[in-house]
């Protein structure tokens, strides 16, 4: 063996994998960049323009419409809360049918496939479809958010159920407990925390979404931002943006304090939006 | 025979009931504000399904050439924004995370900065940037990068702060420089987590880059929005299907890579 | 006397083609305390689980108190299962619930879904559970969470849960395999005494021959899914133990077992 050579810390296989990943990413990156054929017309002029707009938004903020803006914000929050509660409740029950360890294989696979397809379509597109059918207003907004959240939470919850120890289920069955009782006493207790965390995470996401639903006409504060920016009223838009930021920021802070972080669950596996 | 009641827990299960009542009341209040009617929701379900199945399906395959270019743009934008965002985020996270920060002042500033970026949705960023930079892919890309930097800086910082500090101590003990410490003590430990977060961000960006097109950020969102507005639902359906396939493919890919590196 | 449990020619072939049981037959009579011994993978666990249908046998019949358990519907199966208590190697308690909640799970088989879900156990059941916990010496821990208990305590809760079912047959799948020798002795004492006092027949699968010899009224030896010994403890000779456990290469394990037996007798 070559004693002067570098001693590798990670395994050879891992190093090859990382090298491939790195090179692949670089190639993909520059290829994509080339294909996009980006144009920087205006260049610095635009940056200066952006800064002057930002100045108008932040320093000359116009609070005169605060009542409308706050009402719209309340509507956004309501949409997010309602969609989260309904989807979490329904998803909770359906996830038992979707979990492979407590359900029939056919049922579980079917539920998972449907959930995967629903999740693959972005929330805003679901909302757009509902708006197309039901017309403008918060109602299609709730439905659109609900649809996607539901599919997302079915997947997340059923994953938690699948992680429940087989012994729990076995022990309850052996006492003569029915399926429903086994679920309630053997499966539900260990997943409670995960269910709450996932719901909290989804609420954070839904809140962000609910503030942009207005762009497709589904109510909430997004409509205000859309309207003010359309007439280049940066002073009023500044206030709307501030409220959007505060909505999302305060919830993030609150959940951080309550230690409802499920970031780790995400890395393990999941997908959002 | 004792007649008193034997409780199952020491503390009363009062919290559960308070929780249930709060959730119930919240549902009612928010339902009222957002004019949501449960009965109405059930009533419209058949209509919505009928709408989806008759107006949207079957998707018009002939529409593919019309949106093929913008679908590719959407994917390219997601890739470019994720990689650019990850690079910027890594630098910011190293400046910000407790074990690696050069000065505590960086910590506070970067945290606040990242929080500002991520708590305004990418779509809103697009709207804000369009007046200055005009509609197009450039704006969409900027909005996506802003969002990615906000998200990934937070996640990267958390990953770096979670590492075992022993490695860093050892590096310090042998008198290693700051760079040596990063290379030998910090990065090897957190690279799998960083890659994992980047992949997660790619999944998010694929979806986000679809929707920013709706407000002028380039990509397939514009096609979907305009075909729906023109009632050409079957064309829209084909584009939506294409998006779904891309999303599922990226998810599949990212899951596979993640399993290999973890 | 009629047997309480009669197992006839039970076979189990798993989906991957493994033969776990190749035709096992025996009868259990009231008051018997039967130890099933055999090396890991010999089919002990599968056999116990076939009795209460946690695993469906591929072939054969199992008759419990006159009912063929493999033929009954779901509702009748619940009724059979609630009369058969089961104790597990890894205790299988629900970690986040309290000791008394875990014990009361033994009553679920007697309750409606609604009552079960909302913890609506009768006052009688509750105090009964308390008395059972007194019998296993855990009356001071009733409101502790199950995951805060030691291994020995957890297994005593496991016994209490099975006892709450008011069973006439007790199945114990390696009840002491995860415990240290001293705790193992204590747990086996509880199990043995309770089964004797309440006239519960018991089938206990064990890894340790010394414990089998000490407690069992009858020993069944299993190897490769077949019964190779069925008789009184004193009939269990060294050569039979060899036959049950060892296949040449495990000389060390064989000697260990002989030593255990020598100490036990």
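A, B and C label the chains in the order they appear, each numbered from 1.
Rule of thumb we're sticking to: contacts are C-beta pairs under 8 Å (C-beta built on N, C-alpha and C of every residue); 3 or more make two chains touch, one makes a residue touch a chain.
Bear in mind the structure is a predicted one, so any value in this text is a computation, not a measurement.
Colleague: When all chain pairs are ranked by how many C-beta pairs they have in contact, which pair ranks first?
Modeller: A-B
Colleague: Farthest chain from chain B, comparing Cα centres?
Modeller: The chain farthest from chain B, judged by C-alpha centres, is C.
Colleague: So how far apart, in whole Å, are chain A and chain B when each is placed at the average of its C-alpha atoms?
Modeller: 6
Colleague: So how far apart, in whole Å, are chain A and chain C when each is placed at the average of its C-alpha atoms?
Modeller: Measuring from centre to centre gives 47 Å for this pair.
Colleague: Residues of chain A touching chain B in their complex?
Modeller: Residues of chain A touching chain B: 9-10, 14, 17-18, 21, 25, 28-29, 32-33, 35-36, 38-42, 46-47, 49-50, 53, 57, 74-75, 77-79, 81-82, 85-86, 116-117, 119-125, 128-130, 132-134, 137-139, 141-143, 208-209, 211-212, 215-216, 219, 222, 225-226, 229, 232, 234, 237, 241, 244-245, 248-249, 252, 263, 266-267, 269-273.
Colleague: List the residues on chain C that touch chain B in their complex, please.
Modeller: Interface residues on the chain C side: 98, 100-101, 104, 119, 121, 123, 126-127, 129-130, 143.
Colleague: Please give the residue numbers of chain B that touch chain A in the complex, ascending.
Modeller: Residues in contact with chain A: 23, 26-27, 29-31, 33-37, 40-41, 44, 47-48, 51-52, 56, 72-73, 75-77, 79-80, 83, 115-116, 119-121, 123-124, 127-134, 136-138, 141, 155, 158, 188, 191, 193, 195-197, 200, 203-204, 207-208, 210-211, 214-215, 224-225, 228, 233, 240, 243-245, 247-248, 251, 255, 257-258, 260-261.
Colleague: For chain C, which residues count as touching chain A in their complex?
Modeller: Spelled out, the residues of chain C in touch with chain A are 52, 54, 78-86, 88, 90-97, 105-106, 108-111, 113, 116-117, 161-162, 165, 171.
Colleague: With touch defined as at the start, can you tell me which chain B residues reach chain C in the complex?
Modeller: Touching chain C: residues 1-3, 5-10 of chain B.
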